[in-house]
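Following this line, the structures themselves.
Across the two complexes that follow, chain A remains constant while its partner is chain B and subsequently chain C.
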Partner chain A sequence: MKEHHTHPILTDTHTFLTAERISVNYGQIAALQDVTLAIPANRVTVLIGPSGCGKSTTLRCLNALVKLDKGSITYEDMGIQDLNKTDLRRSMGYAIQSVGLMPHLSVEENVDLVPRLLGWPKSSRKERVEKLLSLVRLDPAIYSKKYPHELSGGEAQRIGFARALGADPPMLLMDEPFGAVDPLNRDQLQDEFIRIQRQLKKTVVFVTHDMGEAIRLADFLVIMKDGKIVQADTPEQILSHPADEFVERFLGPDRSLQRLTLFTADQWMEEAMSGSKEKAEETLGECSNQTYWQLDDQGRPIAGFARVGDTISRRLVSNASHWVQQYSSLKECVSKILNLGLPSAAVVDEEGRLCGEVRFETIQKISRD
Partner chain B sequence: MKLSRKSVETSDTTLTKRILLLALLIGLLLAFMFSVQVQTLILSSLFPSEGRYTHSRKTILEMTGEHIVLTLLATSLAAVAGILIGVAVTRKGGQAFQVLILRLNAFIQTFPPSAVIILAYPVLGFGWKPALLALFLYSLFPVLGNTVVGFQGVSPAVKESARGMGMTAFQQLWIAEFPQAWPMILTGIRHSYILNLGTAAIAAVIGGGGLGTIIISGLALRNSALVLSGTIVISLLAFIGEQVFLLLSRFTRT
Partner chain C sequence: MLILCLILFSPAGIVVLQALGQTSEDVAPPGINDTTGGMVNRADHQINFQQKLALVVLLLFMASFFFPFYLARESRISEDIQRGLLFLNLPCVLLLLLPPLLVAIYALLKKGSLSDAALTLSGVLGLFFPMMVLAIVGPDITETYGPLARYSPSSGMYLYLAAVLVIFLMKPKFKIHDLLGIALVASAVLFVASQGSYDRLGIVLEGRNLGSRITQEVLAHIRLTFISLGISMVIGIPLALASFQNKRAEKIIFPFLNLLQTIPGIALLGLLITPLSTLSQTFPFLRTMGIKGIGNTPAIIALSTYALYPIIRYSFTAFSSIEESVIQAAKGMGMDSLQIWSMVRFPLAAPGMLHGIRVALIQTLGNATLAKLIGGDGLGVLVFEGLGQASVDLVLLGMLLIIALTIASDRIFQIFIHLVTPSPLRGKAVGNG
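The block that comes next holds the complex of A and B.
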């Protein structure tokens, strides 16, 4: 009988894995001191802190890449020291900043590695690879036969993520997986990660040093310093009640903006008015908190009309950089709203078709709460 | 798209050229090896004043056979031992010995092969055995050195991800590391082969046979035609070996 213990903080889920008073020393240096941590099942736990705080070491303890000097880690009621290390690691996807794709293997062979190690039948493996490549939005027909040196940094990270998901492990360990890509690509990878995580609901442990990324992705946020946990709670709680001065400083001066990264556009999206250019004035009427969107024949926004005092102003929004995706953060919405000077931001689906808008009014309301 | 197709075409044409060159070299070797007329024709046109163009007791064919067997045997032994030792000293447990082994290996390399033969003579006696030992020791260096360099070239990220995804120690070696080190190792084996081909000529000094027999006779008789006769075959074997290794590296490239 497997017992489920409710997670102490995220009460809507159970504890998947527990680290109890673990300590790790590297020679004379104490990398981890007496750390106790419960990883919630099917949620994203983010470990964050300045370099050398022990966040990566903690992660590497979970799949036995680092040996514990003290304490224990319990995984499904078994101590990981009692489990076979290779079996344990195969049951946890592992993605790292430097990706580490095998340069002599094609993309499909790389993604296939863990299923191959587990001895899955060939037919199901081929199917699995195609499914995973589609999941990370890389066309299998184009990418399967490519080699790692033919991929961009962002593409390599996606393959690394697909490979970690290879054998459909219940748990994923990710060590700064988006750390080495440029900011634009990083935002996109985060969007993708959120989309995939909502679909798959894995137990994820994610290490980063980027607070924006941490707040965006975390269900459970663990802030570390000098080999110890300073605060572990939901990002909302940490933002509104930082445990001490260190956490406060680490969160940075723009906490209200950081808070907006907790939400995605689709959570606060409202119905948008759209139609032909001629109807703009009539439809808008006296309404000044909404935008009237002019669409092209595929349903993509071309221009936005807004009432400013007595006049109607028009802004061109024909470029994808003017829109936000469903999984974009509200922080991004604010940035578009300020850039374009419209009362709301256009939310589009994967094909760029308008599916709603996020209003500045709504965002102000959230920030006030 | 266009670019990649072009590069495929050029590599295909170099492949055809390479195979043609190999066939030509083998043809030349066979003609020289099997036909005394061809030998006499070539050597007499270069050295018309020499009285003799063939060895008195052995045919070129016999000597070439002995030479090839000795070279291939020594190269294979060096390859197997070099790779095994190279793998051992790049593993976690063996890394401590790496510097020591490489130094020892470089030290052996400074021994002249003739000295090894003479030192081994009391133990292994007369014939091909001391020659094989000398060649083996002498040609271990390139294989071992390149194996170590090849494994050191595998990126830490690849090793980390191989371990993290749950490969056993053997799988980490065989799936993740060996294929990346292989081109370097193969280059080492090729160097070892070329080295052995030349050095095997000294086997004749202690009755080990090979093409050294005719070269040494030529030197003793001051007959340049005989010296050249052995040298031509050794050079052809070197060229052929070089081409075979290049083809091999092409077909084992993953």
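The block that comes next holds the complex of A and C.
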């Protein structure tokens, strides 16, 4: 019977994997020195730090791509040194920055790679591929037969993610998976990642150098420097109590804005007033902290009405820079609110239909706490 | 006659020169904005380039008329009698002037279907007329120099055909009517040949003399090439793997290969005689296997040595140019090293390796000609026999066969590469070639 140790910091879950005083040397250079780390199960652990801090090395120790010089890693009460390396790696999904899709294999064959290595029966594999492609929102009918060189950067990254999930591993290792994607696509991929992670609840170890991304995705944030861990805690704790000057500097001057990336729109969404244009003034009344959303016949917001002093002003909602999605961060909400100049940001579902709003008032309240 | 050529050519040349001058002045008429102006400029530049090529063709044509068009001999070994255009009748000369005229028209016309047609017609006729001239002068030669006389194309005709080659190269793309035209010319030539009009052509006579030896030597040539290539692959690919995996092996293998490449082919053949003959004399059983100082064995050894370089070089590059991230991902997904080789490295390196083999194939087909020097078989036999007997026709026959063999094997191998390369990697393979 497996013994579950409660995670030392995230007390609502157990420890999935423990690294005990691990050290790695690359020739004369000490890449990791005495790192001790407990990875919480079913949570996202983000390793962050300046380049050369050992974050990628730590990740690569976990699936034995890097040999430990000292220390041990325990995985389900077994040292990974005692496990067969290929079996170990097949039981962990792996996604890397440059995607590493096999250029000579189709999307389908790429996603199917680990199940194929594990010798799954063909019929279940085909089903699995279709399921995974749908999960990352790529139509299997269109994408299965495509080759990597026909994909955009964002699409390739999604396929890389789907491939990591291939054999439904309990653990995912992601080495700057969104690093090579443009900022707009990166935000989208993060949204997708949060959506999928809430659904699948994998144990994820995620390496990044982007603080916004780290705070947004992490349940457990590990800040590293020069091969050592500087601080490992929940992002909230780190934002409010940085361990030292280095962490403080690393978090950047806009800490309060960064903190907003901890929350997603759906967590703070409130019911929005909506309807036809004519009812705007009547419904809005004297209320100045909300927006009245004019909807089209499919329920998508096309304009927002708000009271400014004595008058009602109307702003057209025309493109994605005017609304947020359920998994967008509150930081993004602030930016959308400023874009439109309304007291709240419209939250839409996948089809673009209004499902609520996030008010500026609410955001202010959160930052005050 | 020469004056006639000059009269015909000089206006064409002047007109082309004028056209060149004009177009460069006419660039970007006023009133067109910058971007379209740039495009006009570029299009004009392209026309200029085509016109320059046309000028080169015209010069080649012109030069061809000043050299002997064919040469005759009273017998196989008697002296050459150079024959210029003066010996042809006027209609013949006028017909030969038609292709250059069409090229000039092409250069003057605006780019369009009409100019395209002029170019195609000039190319096809440029192939057709010289062949017909050869057919016409045949009977004439026997009449003048007796039944043993023979004749061959000479420098003038080679220049003429070179001009025609440039015409075909000027085409951005080979179209169906080009192929149709060439096929028509080929069938006409075959028909004329079947009537016996080429019977006194030197190369035909040599070919007839050799009879079944031609097929024999072609087959020997192919056999020599393929055995050498096979040996080279068996040795080369493992060596490429070794140098890829081991830095020290790389440091030994590549300088050695470079050194081998610098030894001239003939010298290597000579160098092999002594050790091989010593070996076969010491161990008589080797002699029964055909291993001797002279013959095909040293030739095969030399040829496979030369073929090593492209095979190892290309395979090594193919292995090293696989992106590290792909290998990392493969490892991270739990492939063992055998799987990484069989599922990732080999399939990805295959196009590059095949390209190396293709280069080796072409090179070996050419080098195999030297096998004759050490007593081996192959088409070199024809070439060196021809050199020995001062028979240019025989040398030419051997050369043409080698060229045909090389082009045909290259084509076949390219098709083979295309078929075995997975479609997403095809673009890359072209880039290598």
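The rule is short, and it goes like this: the second predicted complex is superposed on the first by the 369 of 369 C-alpha atoms of A that agree within 3 Å, B and C clash if a C-alpha of one lies under 4 Å from a C-alpha of the other, contacts with A are read in each partner's own complex, and residues count from 1 in each chain.
By our rule, a residue touches a chain if its C-beta (ideal position, glycine included) is under 8 Å from a C-beta of that chain, and two chains touch if they have at least 3 such contacts.
Given the structure is predicted, the values throughout are model-derived calculations rather than measurements.
Trainee: Judging by the criteria at the top, classify the pair chain B and chain C on chain A as clash or fit.
Mentor: After superposition on chain A, which the two structures share, chain B runs into chain C.
Trainee: Looking at the overlay, what does A:250 touch: chain B (first), chain C (second), both, or neither?
Mentor: neither
Trainee: Per the contact definition in the header, classify A:149: touching chain B only (first), chain C only (second), both, or neither.
Mentor: second
Trainee: Thinking of the overlay built on chain A, is A:16 touched by chain B (first), by chain C (second), by both, or by neither?
Mentor: Neither partner.
Trainee: Looking at A:89 after the superposition, I want to know if it touches chain B, chain C, both of them or none. Which is it: first, second, both, neither?
Mentor: It touches chain B and chain C both.
Trainee: So the two structures are superposed on chain A. Out of 7-15, 79-87, 115-123 or 349-357, which stretch of chain C collides with chain B?
Mentor: Given the superposition on chain A, chain C and chain B clash at 349-357.
Trainee: Once the complexes are superposed, what residues of chain A are shared between the chain B interface and the chain C interface?
Mentor: Looking at chain A, the two contact sets intersect at 63, 65, 85-91, 94, 96, 98-104, 113-114, 117, 160, 163, 166, 173.
Trainee: Write out the stretch or stretches of chain A touching chain C in their complex.
Mentor: For this pair, the touching residues of chain A are 63, 65, 85-91, 94, 96-104, 113-114, 117, 147-150, 160, 163, 166, 173.
Trainee: Help me check something: in the complex, which residues belonging to chain B touch chain A?
Mentor: It is residues 155-168, 171, 175-176, 179-180, 254 of chain B that touch chain A.
Trainee: Applying the document's contact rule, which stretches of chain C touch chain A when the two form their complex?
Mentor: 323, 325-326, 328-336, 339, 343-344, 347-348, 422-425
Trainee: For chain A, which residues count as touching chain B in their complex?
Mentor: 63, 65, 85-91, 94, 96, 98-105, 113-114, 117, 160, 163-164, 166, 173
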